[in-house]
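Below, each structure is written out as structure tokens.
Next come two complexes built around chain A: one with chain B, the other with chain C.
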Partner chain A sequence: MAISAVSDTTLREAPPPRRHRLLEDERWLAFVLLVPTIVLLGMFIAYPFIRGILLSVTSSRVGMPGDFVGLANFYKIFNDGIFRTSVYNTFLYTGVTTVFKLALGLWLAMLLNRNFRGKAFTRAFILLPFIIPTVLSTFAWKWMFDPTFSVLNWLLYHLGLITGRINWLGDPDLAMISIIIVNIWRGVPFFAISLLAGLQTISPELNEAAAIDGAKPWQRFWHITWPLLLPVTMVVMLFSVIQTFADFQIVYVMTGGGPANATHLFATYAYQIGIGTGLLSEGAAISLAMFPVLFLVVIIQLLYIRRVEVR
Partner chain B sequence: MFFYVPMALFLLFLLFPFYWMVITSVRPDGELYRPWNSVNYNPFWTWKPTLDHVRYLFEETLFASWLWNTTFIALASTAISLVCGVFAGYALSRLNFPFAGSLGTGIFITYLVPQTLLFIPLAEIIRNYRLGDTPWSLILTYPTFLIPFCTWLMMGYFKAVPKELEECARIDGASRWQAMLYIVIPVAIPGILSAGIFAFTLSWNEFIYALVFLSSPEQKTVPVGVTSELIRGDVFYWGPLMAGALLGSIPVAIAYSFFVEHYVAGLTGSVKG
Partner chain C sequence: MGQVVLKGINKFFDSVHAVNDVNLQIRDKEFMVFVGPSGCGKTTTLRMIAGLEAISSGDISIDGNVVNELAPMDRDIAMVFQNYALYPHMSVYDNMAFGLKMRKFEKREIDKRVLEAADILGIRELLTRRPRQLSGGQRQRVALGRAIVRHPRVFLFDEPLSNLDAKLRVQMRVELKRLHLRLGTTAIYVTHDQVEAMTLGDRVVVMKDGMVQQVGEPLELYNQPANKFVAGFIGSPAMNFTAVTVTEANGSLIAENSGLRIKLPDETAQRLRGHIGREVMLGVRPEDLTVAGSADLGHPCFDAVIEVVEQLGSEILLDMKVGESIMVASVEPTARVRVGDKLRVAMRPSRLHVFDAQTEAAI
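Up next is the complex of A and B:
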């Protein structure tokens, strides 16, 4: 008691410097702590976003400010065959890869959820496709899909599955399949490890109890594991959809949008128009055309997280 | 059977490209460029390993500078993002102030903004600020996708620190600032490590900003340098390319291997919502 009384008086005799008194106020402290974040995000996200919108309604090129042209850029791209193909490709790419990533990721997560020797080791290795720089690992895939030196063709040939060579990246459909495979390869680890974390929070007793009551493995999965895992699944899927929808690296390296502009996504086409040919405002318009879909996904995600938090 | 066979197939699918990267990077050119259907060709092994491709990388290209640039940029942007993310996470999770909720939502939304949405206007802004072709163009823009993630993750860790701990320190005479710095932040160090390692791998991985903002070969990062300098027109130098891919992956793989647990915690924490 005595000690605390003494320290109390010494504190009162020597008031902290003014700066500290200001920081004693929660609101001031919060403000000071948030300033660097707000400045950086404002300068490099909010401001470019507004600039992007302004850019997309002008006729700017590299080194030329351009005039206001209204929605002419948007009108132009919606009548552009390559843009339409890119839109179709982006939806196809996002849809197909998400289904496969979820199915394979869930399967892998359930395999990893058992106890076996070398589990930690396996898990560490499985994440490699996700952590290794995507551009670099995609080059390995490009080399594997090489028209003349493809190891995949060698493998399929020696397994007796093909007789002639497959020109993986030279045919529009096969090129699309190839980039879809690479995206699945890169995304499965993320799904698997996130879903594994979700699986580990489900009490094994639930499954045991259901097994005792005679539920078959499939029923146990469908009525216990899947519903309990759904919140994690939803969030992982929404994250993945955003990333895949806006993907750039895999297509840029694998096909560069080719053959004959058949495999462009929003981002690669925006790059080709905006940076490649220097039509800045048209490129910005193509990028911004992604926004409505991304916005919708973000809204769904926010509502979903709210709902889960309220529960 | 239902366990080992699928598991082995998964591992084969997920790890084969890396094996292929390794074997290609030590293979002599004569063996590399043999058509897939030539006789007596064994693509999976070589008896004449060579370091020629690695030598080519370091002697004929600027690979060493790319490695240094990438490391510097990744470390600097991670440091900036950690400071901002820890501070913002603390404020949003432990302090009461007006608009806290909407600010939190705002930062969460920026977390979901992909780089490909803004790269064209951002390239213009970078040029206007005269940051083009310097490492600062990336050190300042990478935090835009790292800070939201760090903030989000740190909020989770800070929420778990009991309020009493901080109150005790304040009763003993610590200011709010001191209580944050010496009591709350040390408790959240595992979270800071997770956020740091995750941010480091993300910035090492970043491609489109680096591709658009940097132009001179000696300024480039590994992913951009490998993409633009090891391909001449239609000719791919596969040996050096794979060696570059391999060596460019090693720093991030080493960082990852030291902090696997923290990385996984960061990954799962980032999607926990």
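Up next is the complex of A and C:
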């Protein structure tokens, strides 16, 4: 008996290998588990971001490391007319498309939330613009807006609404409207499906209770559906605003920033200066100019979402 | 006033006939309970009265006016939902005030009514809270409050107690009864719990497969069930049924099967004259079975073997094997019985029920 008891304790007290002991410690384990994420985030987000900042305060070009020039690049772009146009364009583009995407997306979501035959199929179908690679669908749109082959012109002409060709992408205002249309077309499904998911978490009984309480349909929307959907709406808006603000593909394919630099956004102008022209540091400065705005948007919306969710 | 009349109400969901030709008259100030198993059409009927579900055919009228085409808000009804359906983003006060605000009541009147209802329900200190900060019982009260403040002609309740724990359910049941006595508003109450139906209802509608099986006062359903379904649904533990063949011997009627052979009491025998030589369903409630003693002389008796003994404190439930069937008896808590005991069991002769074997209607 005594012997076995002794051997028992010795077994229990034998120290486990050092490696194992470290993993038993929650702080160490947490660190080990976090390492892959930290490495990935560091390599693909933190490093490029810091490189961008460093680049923006030099006079680097392609093939020339350049010297430290302080804020000269920023000073230069703020006095650049095209840059100011792109800032204006980016805000206009983001603002207008977000309003339309939200309105149309919400409308679509409310329709899809009803019961009808072929509901599942329609819901899947709605997602198409979102699924097709943006570059491909934008090329298709480019054809539709093409001055010579435009199916839109053909349609409007045969409906008797126009007499001559409309040069959609050749006119600065029409070109802006065109890219806005394409962005809305592409973005609505994301709003619709996300808001639909949000709508489905709202118990139909609440609407029924409100109906019995005497609320008319638009009152039910305003007093019940809208406030309950608000947290989801804010998250969807947050994603959309960030994406749209930094949009590149649609403008690049449709107009390339033209005609005469009239439709540049932050991203396309940064690309044109940084890569197209080779002025790396200036391109970096343009990209970075987006950062404070986006940062502010994110902060405001996150604070708002938190407030809404706490209620 | 709050008189509700259903005339030939039908409801189809695609090919499913959910509610089948329901005709009912619910009187003013009456507490009417719809009871039945899941899918019997009771909730659908209630929702049709509320206006949340369209009627396939028939007429619903409230105080003499047909309301088939009226929107829920124009029917002057209030509904309490199973999951309470409180507006999660509003305070308790706003939840209760919402219906009055929508109807453009004056602020002072809203305040008065909400506080009055809050006092009746004892939730005055909860008025600033949000629904999710409340317990189930408190939410239930708020849902009731939201209905009360409107002073509607009819209250509709859709299984309002089914989400509460057993103890709270009993407590709220009593409160609902008290509330109804105090307010005197017509109430239509849907439940699958026959105890709730029996205790709350002035009258009870038993439904099955979309059809009304019987309408009556609780004791009427208990004592004179119209058919085997009602007999089995009302009362707990459920009525025992056993198929017997009716024969005649020496001028008396005998009911027998493999486990029992009893001489039917005169009153029952009268009704079964036309069924001699046929099979009928014999029904007897557990509380109408006793361990045979000297007092039961002349009562119909049979032999049974005890298979399970369930001690409930106030009574003992005996699961007994009678021939090939199982019967349950509820006996005095002082009875000394053990599993495996052979017993002589007596039936209270005036409490025998017989049902047609085919139609299941009471004979």
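One rule holds for everything that comes next: the second predicted complex is superposed on the first by the 279 of 311 C-alpha atoms of A that agree within 3 Å, B and C clash if a C-alpha of one lies under 4 Å from a C-alpha of the other, contacts with A are read in each partner's own complex, and residues count from 1 in each chain.
Note that a residue touches a chain if its C-beta (ideal position, glycine included) is under 8 Å from a C-beta of that chain, and two chains touch if they have at least 3 such contacts.
Quick caveat: nothing in here was measured; it's all calculated off a predicted structure.
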| item | value |
| --- | --- |
| Overlay on chain A: chain C relative to chain B, clash or fit | fit |
| Chain B versus chain C as contact partner of A:215, first or second or both or neither | second |
| First, second, both or neither for A:67, with chain B first and chain C second | neither |
| Partner chain(s) touched by A:224 [first = chain B, second = chain C, both, neither] | second |
| Which superposed partner A:29 touches (first chain B, second chain C, both, neither) | first |
| Larger contact residue set on chain A - chain B or chain C | B |
| Partner chain(s) touched by A:173 [first = chain B, second = chain C, both, neither] | neither |
| Vertex chain A; arms to chain B and chain C (CA centroids, nearest 10 degrees) | 90 |
| Chain B versus chain C as contact partner of A:205, first or second or both or neither | second |
| Superposition-derived minimum Cα distance between chain C and chain B (Å) | 18 |
| Touching residues on chain B, where the partner in the complex is chain A | 3, 6-7, 10-11, 13-15, 17-18, 20-21, 24, 32-37, 41, 43, 80, 83-85, 87-88, 90-92, 95-98, 100, 103, 105, 107-110, 112-125, 140-141, 143-144, 147-148, 151, 172-173, 175-177, 201, 204-205, 207-208, 212, 222-224, 226-227, 236, 238, 241-242, 244-245, 248-249, 252-253, 256-257, 260, 263-264, 267-268, 271-273 |
| Chain A - residues contacting chain B, complex | 7, 11, 16, 20, 23-24, 26-27, 29-31, 33-34, 36-38, 40-41, 43-45, 47-49, 51-52, 55, 104, 107-108, 111, 114, 116, 120, 122-129, 131-137, 139-141, 143-144, 146, 148-151, 153-154, 157, 165, 185, 188-190, 193-194, 197, 231-232, 235-236, 239, 242-243, 245-249, 252-253, 266-267, 270-271, 274-275, 280, 283-284, 287-288, 290-291, 294, 297-298, 301-302, 304-305, 308-309 |
| List of chain C residues in touch with chain A within their complex | 50-52, 71-73, 77-79, 81, 83, 85, 87-89, 98-99, 102-103, 130, 146, 150 |
| For the chain A and chain C complex, residues of the former touching the latter | 203, 205-206, 208-216, 219, 223-224, 227-228, 311 |
